[in-house]
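I have a structure I would like to understand better, so I am pasting it below and will then ask my questions one at a time.
Labels run A, B, C, D, E and F following the written order; every chain starts at residue 1.
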Amino acid sequence: MPLVNIKITRDGATAEQKAKVIEGVTNVLRDVMGKNPQTTFVIIEEVDCDSWGIGGETVAMRRARG
Amino acid sequence: MPLVNIKITRDGATAEQKAKVIEGVTNVLRDVMGKNPQTTFVIIEEVDCDSWGIGGETVAMRRARG
Amino acid sequence: MPLVNIKITRDGATAEQKAKVIEGVTNVLRDVMGKNPQTTFVIIEEVDCDSWGIGGETVAMRRARG
Amino acid sequence: MPLVNIKITRDGATAEQKAKVIEGVTNVLRDVMGKNPQTTFVIIEEVDCDSWGIGGETVAMRRARG
Amino acid sequence: MPLVNIKITRDGATAEQKAKVIEGVTNVLRDVMGKNPQTTFVIIEEVDCDSWGIGGETVAMRRARG
Amino acid sequence: MPLVNIKITRDGATAEQKAKVIEGVTNVLRDVMGKNPQTTFVIIEEVDCDSWGIGGETVAMRRARG
(Lines give C-alpha, C1' and ligand atoms only; values in the text may rest on other atoms or scores of the structure.)
Protein backbone atom coordinates (compact mmCIF):
# COMPACT_ATOMS: atom_id res chain seq x y z
CA MET A 1 0.00 0.00 0.00
CA PRO A 2 2.53 2.58 -1.10
CA LEU A 3 1.90 6.29 -0.88
CA VAL A 4 3.58 8.39 -3.52
CA ASN A 5 3.77 12.15 -3.43
CA ILE A 6 5.11 13.91 -6.51
CA LYS A 7 5.83 17.61 -6.54
CA ILE A 8 6.39 19.35 -9.87
CA THR A 9 6.58 22.97 -10.91
CA ARG A 10 3.28 24.35 -12.17
CA ASP A 11 3.97 24.30 -15.89
CA GLY A 12 0.71 23.28 -17.47
CA ALA A 13 0.82 19.54 -16.92
CA THR A 14 -2.33 18.16 -18.54
CA ALA A 15 -4.83 15.80 -16.94
CA GLU A 16 -3.70 13.20 -19.44
CA GLN A 17 -0.06 13.57 -18.44
CA LYS A 18 -0.93 13.33 -14.78
CA ALA A 19 -2.98 10.20 -15.44
CA LYS A 20 -0.06 8.64 -17.30
CA VAL A 21 2.37 9.43 -14.50
CA ILE A 22 -0.01 7.89 -11.97
CA GLU A 23 -0.36 4.76 -14.09
CA GLY A 24 3.36 4.51 -14.77
CA VAL A 25 4.49 4.95 -11.18
CA THR A 26 1.87 2.48 -9.94
CA ASN A 27 3.16 -0.06 -12.46
CA VAL A 28 6.76 0.44 -11.37
CA LEU A 29 5.85 -0.33 -7.76
CA ARG A 30 3.85 -3.39 -8.81
CA ASP A 31 6.55 -4.73 -11.14
CA VAL A 32 9.57 -4.11 -8.90
CA MET A 33 8.17 -4.65 -5.42
CA GLY A 34 4.95 -6.54 -6.02
CA LYS A 35 2.85 -3.74 -4.54
CA ASN A 36 -0.90 -4.01 -5.06
CA PRO A 37 -2.12 -1.22 -7.39
CA GLN A 38 -5.52 -1.17 -5.66
CA THR A 39 -3.89 0.21 -2.51
CA THR A 40 -1.26 2.36 -4.21
CA PHE A 41 -2.00 6.06 -3.86
CA VAL A 42 -0.24 8.65 -6.00
CA ILE A 43 -0.70 12.37 -5.41
CA ILE A 44 0.68 15.03 -7.72
CA GLU A 45 1.16 18.52 -6.36
CA GLU A 46 2.01 21.50 -8.55
CA VAL A 47 4.09 24.28 -7.02
CA ASP A 48 4.36 27.81 -8.38
CA CYS A 49 7.74 28.77 -9.79
CA ASP A 50 8.15 31.60 -7.30
CA SER A 51 7.69 29.15 -4.42
CA TRP A 52 10.27 26.63 -5.62
CA GLY A 53 13.92 27.30 -5.05
CA ILE A 54 17.10 25.68 -6.28
CA GLY A 55 20.63 26.97 -5.97
CA GLY A 56 19.40 29.60 -3.54
CA GLU A 57 17.03 31.33 -5.95
CA THR A 58 13.52 30.73 -7.23
CA VAL A 59 12.82 28.88 -10.44
CA ALA A 60 10.97 32.01 -11.58
CA MET A 61 14.16 34.05 -11.18
CA ARG A 62 16.26 31.44 -12.96
CA ARG A 63 13.93 31.39 -15.92
CA ALA A 64 13.63 35.17 -16.10
CA ARG A 65 17.41 35.36 -16.24
CA GLY A 66 17.38 32.86 -19.09
CA MET B 1 3.90 18.88 19.76
CA PRO B 2 2.49 16.68 17.04
CA LEU B 3 2.25 17.76 13.43
CA VAL B 4 -0.64 16.31 11.49
CA ASN B 5 -1.01 16.57 7.73
CA ILE B 6 -4.28 15.43 6.21
CA LYS B 7 -4.76 15.17 2.47
CA ILE B 8 -8.27 14.77 1.09
CA THR B 9 -9.76 15.00 -2.38
CA ARG B 10 -11.17 18.44 -3.18
CA ASP B 11 -14.87 17.69 -2.76
CA GLY B 12 -16.30 20.78 -1.16
CA ALA B 13 -15.28 20.22 2.46
CA THR B 14 -16.72 23.16 4.39
CA ALA B 15 -14.85 25.37 6.83
CA GLU B 16 -17.03 23.89 9.56
CA GLN B 17 -16.07 20.33 8.63
CA LYS B 18 -12.41 21.23 8.53
CA ALA B 19 -12.69 22.87 11.95
CA LYS B 20 -14.34 19.75 13.35
CA VAL B 21 -11.66 17.48 11.93
CA ILE B 22 -8.96 19.69 13.44
CA GLU B 23 -10.69 19.63 16.81
CA GLY B 24 -11.33 15.89 16.70
CA VAL B 25 -7.82 14.89 15.67
CA THR B 26 -6.29 17.19 18.29
CA ASN B 27 -8.48 15.58 20.94
CA VAL B 28 -7.47 12.06 19.88
CA LEU B 29 -3.79 12.93 20.31
CA ARG B 30 -4.45 14.52 23.70
CA ASP B 31 -6.61 11.64 24.96
CA VAL B 32 -4.46 8.75 23.71
CA MET B 33 -0.94 10.12 23.99
CA GLY B 34 -1.30 13.09 26.32
CA LYS B 35 -0.16 15.55 23.64
CA ASN B 36 -0.64 19.22 24.44
CA PRO B 37 -3.28 20.73 22.10
CA GLN B 38 -1.55 24.13 22.26
CA THR B 39 1.38 22.72 20.33
CA THR B 40 -0.58 20.37 18.10
CA PHE B 41 -0.69 21.56 14.50
CA VAL B 42 -3.13 20.11 11.98
CA ILE B 43 -2.99 21.01 8.31
CA ILE B 44 -5.63 19.95 5.79
CA GLU B 45 -4.69 19.91 2.13
CA GLU B 46 -7.22 19.40 -0.64
CA VAL B 47 -6.05 17.70 -3.82
CA ASP B 48 -7.83 17.84 -7.18
CA CYS B 49 -9.34 14.58 -8.37
CA ASP B 50 -7.23 14.55 -11.51
CA SER B 51 -4.08 14.75 -9.38
CA TRP B 52 -4.96 11.87 -7.07
CA GLY B 53 -4.49 8.31 -8.25
CA ILE B 54 -5.50 4.97 -6.88
CA GLY B 55 -5.36 1.62 -8.64
CA GLY B 56 -3.25 3.19 -11.36
CA GLU B 57 -5.87 5.72 -12.49
CA THR B 58 -7.06 9.11 -11.31
CA VAL B 59 -10.03 9.54 -9.00
CA ALA B 60 -11.53 11.74 -11.72
CA MET B 61 -11.41 8.83 -14.18
CA ARG B 62 -12.86 6.40 -11.63
CA ARG B 63 -15.78 8.68 -10.97
CA ALA B 64 -16.41 9.44 -14.63
CA ARG B 65 -16.60 5.70 -15.28
CA GLY B 66 -19.10 5.40 -12.45
CA MET C 1 -9.53 8.24 0.71
CA PRO C 2 -7.72 10.52 3.11
CA LEU C 3 -4.02 10.27 3.80
CA VAL C 4 -2.95 11.29 7.28
CA ASN C 5 0.64 11.79 8.33
CA ILE C 6 1.34 12.32 12.02
CA LYS C 7 4.76 13.28 13.31
CA ILE C 8 5.47 13.01 17.01
CA THR C 9 8.63 13.17 19.07
CA ARG C 10 10.16 9.77 19.78
CA ASP C 11 9.05 9.35 23.38
CA GLY C 12 8.18 5.71 23.72
CA ALA C 13 4.72 5.68 22.16
CA THR C 14 3.49 2.11 22.45
CA ALA C 15 2.02 -0.01 19.66
CA GLU C 16 -1.27 0.16 21.53
CA GLN C 17 -1.24 3.96 21.63
CA LYS C 18 -0.39 4.14 17.95
CA ALA C 19 -3.24 1.75 17.15
CA LYS C 20 -5.65 3.89 19.16
CA VAL C 21 -4.56 7.07 17.42
CA ILE C 22 -5.01 5.40 14.03
CA GLU C 23 -8.48 4.21 15.01
CA GLY C 24 -9.47 7.55 16.50
CA VAL C 25 -8.31 9.69 13.59
CA THR C 26 -9.95 7.35 11.08
CA ASN C 27 -13.21 7.65 13.00
CA VAL C 28 -13.03 11.45 13.05
CA LEU C 29 -12.69 11.55 9.27
CA ARG C 30 -15.60 9.11 8.86
CA ASP C 31 -17.86 10.92 11.30
CA VAL C 32 -17.17 14.48 10.19
CA MET C 33 -16.58 14.11 6.46
CA GLY C 34 -18.05 10.70 5.65
CA LYS C 35 -14.68 9.33 4.55
CA ASN C 36 -14.47 5.58 4.01
CA PRO C 37 -12.20 3.98 6.65
CA GLN C 38 -11.19 1.25 4.20
CA THR C 39 -9.34 3.80 2.10
CA THR C 40 -8.13 5.99 4.96
CA PHE C 41 -4.38 5.68 5.51
CA VAL C 42 -2.73 6.95 8.68
CA ILE C 43 1.04 6.97 9.09
CA ILE C 44 2.78 7.83 12.34
CA GLU C 45 6.39 8.96 12.20
CA GLU C 46 8.53 9.38 15.30
CA VAL C 47 11.26 12.02 15.20
CA ASP C 48 14.26 12.15 17.53
CA CYS C 49 14.29 15.05 19.99
CA ASP C 50 17.57 16.37 18.62
CA SER C 51 16.02 16.58 15.14
CA TRP C 52 12.92 18.49 16.17
CA GLY C 53 13.13 22.21 16.78
CA ILE C 54 10.78 24.75 18.24
CA GLY C 55 11.55 28.31 19.21
CA GLY C 56 14.86 28.02 17.41
CA GLU C 57 16.27 25.23 19.54
CA THR C 58 15.91 21.46 19.66
CA VAL C 59 13.44 19.72 21.92
CA ALA C 60 16.43 17.89 23.38
CA MET C 61 17.99 21.19 24.44
CA ARG C 62 14.71 22.49 25.88
CA ARG C 63 14.28 19.39 27.98
CA ALA C 64 17.89 19.33 29.15
CA ARG C 65 17.45 22.90 30.35
CA GLY C 66 14.33 21.87 32.21
CA MET D 1 21.17 17.61 -1.73
CA PRO D 2 18.75 18.69 0.95
CA LEU D 3 15.04 19.01 0.35
CA VAL D 4 13.30 21.67 2.37
CA ASN D 5 9.53 22.02 2.61
CA ILE D 6 8.17 25.11 4.34
CA LYS D 7 4.50 25.51 5.11
CA ILE D 8 3.19 28.92 6.11
CA THR D 9 -0.28 30.37 6.47
CA ARG D 10 -1.50 32.18 3.35
CA ASP D 11 -0.97 35.75 4.47
CA GLY D 12 0.22 37.56 1.42
CA ALA D 13 3.87 36.56 1.41
CA THR D 14 5.43 38.36 -1.53
CA ALA D 15 7.58 36.80 -4.23
CA GLU D 16 10.47 38.83 -2.83
CA GLN D 17 9.98 37.44 0.67
CA LYS D 18 9.77 33.90 -0.66
CA ALA D 19 12.96 34.42 -2.65
CA LYS D 20 14.75 35.71 0.44
CA VAL D 21 13.60 32.75 2.53
CA ILE D 22 14.82 30.36 -0.17
CA GLU D 23 18.18 32.12 -0.30
CA GLY D 24 18.51 32.28 3.47
CA VAL D 25 17.63 28.66 4.15
CA THR D 26 19.93 27.48 1.38
CA ASN D 27 22.77 29.48 2.91
CA VAL D 28 22.14 28.03 6.38
CA LEU D 29 22.45 24.50 5.01
CA ARG D 30 25.62 25.40 3.13
CA ASP D 31 27.23 27.19 6.06
CA VAL D 32 26.34 24.70 8.80
CA MET D 33 26.45 21.38 6.98
CA GLY D 34 28.40 22.12 3.82
CA LYS D 35 25.44 21.28 1.59
CA ASN D 36 25.77 22.21 -2.07
CA PRO D 37 23.29 24.99 -2.96
CA GLN D 38 23.02 23.69 -6.53
CA THR D 39 21.27 20.57 -5.27
CA THR D 40 19.35 22.20 -2.44
CA PHE D 41 15.63 22.39 -3.15
CA VAL D 42 13.33 24.61 -1.12
CA ILE D 43 9.56 24.54 -1.59
CA ILE D 44 7.21 26.98 0.10
CA GLU D 45 3.58 26.00 0.47
CA GLU D 46 0.90 28.42 1.62
CA VAL D 47 -2.05 27.00 3.53
CA ASP D 48 -5.41 28.73 4.01
CA CYS D 49 -6.18 29.82 7.55
CA ASP D 50 -9.30 27.68 7.69
CA SER D 51 -7.22 24.61 6.85
CA TRP D 52 -4.58 25.16 9.53
CA GLY D 53 -5.31 24.24 13.10
CA ILE D 54 -3.54 24.85 16.36
CA GLY D 55 -4.88 24.28 19.85
CA GLY D 56 -7.78 22.35 18.35
CA GLU D 57 -9.20 25.24 16.33
CA THR D 58 -8.44 26.85 13.00
CA VAL D 59 -6.20 29.88 12.67
CA ALA D 60 -9.18 31.60 11.02
CA MET D 61 -11.25 31.08 14.17
CA ARG D 62 -8.43 32.26 16.43
CA ARG D 63 -8.02 35.44 14.47
CA ALA D 64 -11.75 36.12 14.24
CA ARG D 65 -11.94 35.82 18.01
CA GLY D 66 -9.12 38.31 18.33
CA MET E 1 12.92 19.10 -11.15
CA PRO E 2 10.36 16.79 -9.62
CA LEU E 3 10.52 15.62 -6.04
CA VAL E 4 9.09 12.19 -5.39
CA ASN E 5 8.45 10.79 -1.94
CA ILE E 6 7.47 7.13 -1.68
CA LYS E 7 6.36 5.58 1.57
CA ILE E 8 6.17 1.79 1.83
CA THR E 9 5.75 -0.59 4.72
CA ARG E 10 9.05 -1.90 6.10
CA ASP E 11 9.02 -5.36 4.56
CA GLY E 12 12.58 -6.03 3.60
CA ALA E 13 12.81 -4.07 0.37
CA THR E 14 16.32 -4.65 -0.95
CA ALA E 15 18.75 -1.98 -2.08
CA GLU E 16 18.38 -3.41 -5.58
CA GLN E 17 14.59 -3.04 -5.51
CA LYS E 18 14.86 0.50 -4.22
CA ALA E 19 17.32 1.35 -6.98
CA LYS E 20 14.97 -0.08 -9.61
CA VAL E 21 12.02 1.89 -8.26
CA ILE E 22 14.10 5.07 -8.32
CA GLU E 23 15.16 4.38 -11.90
CA GLY E 24 11.66 3.46 -13.02
CA VAL E 25 9.90 6.44 -11.47
CA THR E 26 12.53 8.82 -12.84
CA ASN E 27 12.00 7.37 -16.31
CA VAL E 28 8.21 7.76 -16.08
CA LEU E 29 8.59 11.45 -15.29
CA ARG E 30 11.07 11.90 -18.14
CA ASP E 31 8.97 10.01 -20.67
CA VAL E 32 5.57 11.45 -19.80
CA MET E 33 6.40 15.00 -18.78
CA GLY E 34 9.87 15.57 -20.17
CA LYS E 35 11.36 16.07 -16.71
CA ASN E 36 15.15 16.12 -16.51
CA PRO E 37 16.43 13.05 -14.60
CA GLN E 38 19.44 15.01 -13.34
CA THR E 39 17.14 17.16 -11.20
CA THR E 40 14.62 14.46 -10.32
CA PHE E 41 14.86 13.41 -6.66
CA VAL E 42 13.22 10.25 -5.39
CA ILE E 43 13.14 9.39 -1.70
CA ILE E 44 11.88 6.09 -0.35
CA GLU E 45 10.78 5.93 3.27
CA GLU E 46 9.98 2.68 5.03
CA VAL E 47 7.37 2.75 7.78
CA ASP E 48 6.93 0.09 10.48
CA CYS E 49 3.75 -1.97 10.24
CA ASP E 50 2.60 -0.84 13.68
CA SER E 51 2.84 2.80 12.58
CA TRP E 52 0.79 2.39 9.40
CA GLY E 53 -2.96 2.22 9.60
CA ILE E 54 -5.66 1.38 7.11
CA GLY E 55 -9.31 0.75 7.80
CA GLY E 56 -8.81 2.09 11.31
CA GLU E 57 -6.30 -0.52 12.41
CA THR E 58 -2.57 -1.05 11.98
CA VAL E 59 -1.11 -3.20 9.23
CA ALA E 60 0.53 -5.22 12.00
CA MET E 61 -2.89 -6.03 13.48
CA ARG E 62 -4.34 -6.90 10.07
CA ARG E 63 -1.54 -9.30 9.35
CA ALA E 64 -1.62 -10.91 12.79
CA ARG E 65 -5.32 -11.57 12.28
CA GLY E 66 -4.55 -13.18 8.95
CA MET F 1 3.60 29.34 12.73
CA PRO F 2 5.70 27.87 9.96
CA LEU F 3 6.42 24.18 9.68
CA VAL F 4 9.74 23.29 8.13
CA ASN F 5 10.71 19.80 7.05
CA ILE F 6 14.30 19.22 6.00
CA LYS F 7 15.45 15.97 4.47
CA ILE F 8 19.16 15.27 4.20
CA THR F 9 21.18 12.19 3.40
CA ARG F 10 22.31 10.26 6.47
CA ASP F 11 25.93 11.36 6.58
CA GLY F 12 26.71 11.80 10.23
CA ALA F 13 25.17 15.20 10.88
CA THR F 14 25.90 15.98 14.51
CA ALA F 15 23.40 17.13 17.12
CA GLU F 16 25.23 20.44 17.15
CA GLN F 17 24.86 20.88 13.39
CA LYS F 18 21.20 20.02 13.55
CA ALA F 19 20.69 22.54 16.35
CA LYS F 20 22.43 25.22 14.30
CA VAL F 21 20.31 24.50 11.24
CA ILE F 22 17.16 24.71 13.35
CA GLU F 23 18.27 28.01 14.84
CA GLY F 24 19.34 29.43 11.49
CA VAL F 25 16.20 28.49 9.60
CA THR F 26 14.00 29.80 12.40
CA ASN F 27 15.86 33.11 12.27
CA VAL F 28 15.46 33.38 8.49
CA LEU F 29 11.69 33.02 8.82
CA ARG F 30 11.58 35.58 11.63
CA ASP F 31 13.79 38.09 9.83
CA VAL F 32 12.25 37.83 6.36
CA MET F 33 8.60 37.16 7.11
CA GLY F 34 8.20 38.18 10.75
CA LYS F 35 7.28 34.64 11.81
CA ASN F 36 7.20 33.99 15.55
CA PRO F 37 10.02 31.57 16.53
CA GLN F 38 7.92 30.20 19.40
CA THR F 39 5.52 28.64 16.90
CA THR F 40 8.09 27.74 14.27
CA PHE F 41 8.67 24.00 14.04
CA VAL F 42 11.66 22.55 12.20
CA ILE F 43 12.05 18.82 11.66
CA ILE F 44 15.19 17.24 10.21
CA GLU F 45 14.89 13.79 8.66
CA GLU F 46 17.90 11.76 7.61
CA VAL F 47 17.49 9.39 4.67
CA ASP F 48 19.79 6.46 3.88
CA CYS F 49 21.85 6.82 0.72
CA ASP F 50 20.31 3.73 -0.82
CA SER F 51 16.85 5.24 -0.40
CA TRP F 52 17.65 8.56 -2.03
CA GLY F 53 17.77 8.83 -5.79
CA ILE F 54 18.94 11.49 -8.18
CA GLY F 55 19.47 11.17 -11.90
CA GLY F 56 17.70 7.82 -11.82
CA GLU F 57 20.17 6.11 -9.49
CA THR F 58 20.75 6.00 -5.76
CA VAL F 59 23.20 8.28 -4.00
CA ALA F 60 24.88 5.11 -2.74
CA MET F 61 25.51 3.98 -6.32
CA ARG F 62 26.77 7.41 -7.35
CA ARG F 63 29.25 7.49 -4.52
CA ALA F 64 30.42 3.92 -5.07
CA ARG F 65 31.13 4.80 -8.68
CA GLY F 66 33.12 7.79 -7.52
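The criterion applied here is as follows: a contact is a pair of C-beta atoms (placed from the backbone, for glycine too) under 8 Å apart; a residue touches a chain by one contact, two chains touch by 3 or more.
Note that this is a predicted model, so its numbers are computed, not measured.
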Minimum number of chain-to-chain touching steps separating chain B from chain E: 2
Chain D and chain A - chains in contact with each: B, E
Chain D-chain E separation of Cα centroids, rounded to whole Å: 25
Gap in Å, rounded to a whole number, between the CA centres of chain D and chain B: 20
Junction residues of chain D, two or more chains touched: 1, 3, 7, 25, 39, 41, 43, 52, 54
Chain contact topology (line, ring, star, complete or other): other
Which pairs of chains touch, using the document's own definition: A-B, A-C, A-D, A-E, B-C, B-D, B-F, C-E, C-F, D-E, D-F, E-F
Chain F contact footprint on chain E (complex, rising order): 15, 18-19, 22-23, 25-27, 37-46
Residue ranges of chain A in contact with chain D within the complex: 7, 47, 50-58, 60-61
Touching residues (chain side chain C, partner chain B) in the complex: 1-9, 13, 17, 20-21, 24-25, 28-29, 31-33, 35, 39, 52, 54, 59
For the chain E and chain D complex, residues of the former touching the latter: 1, 3, 41, 43
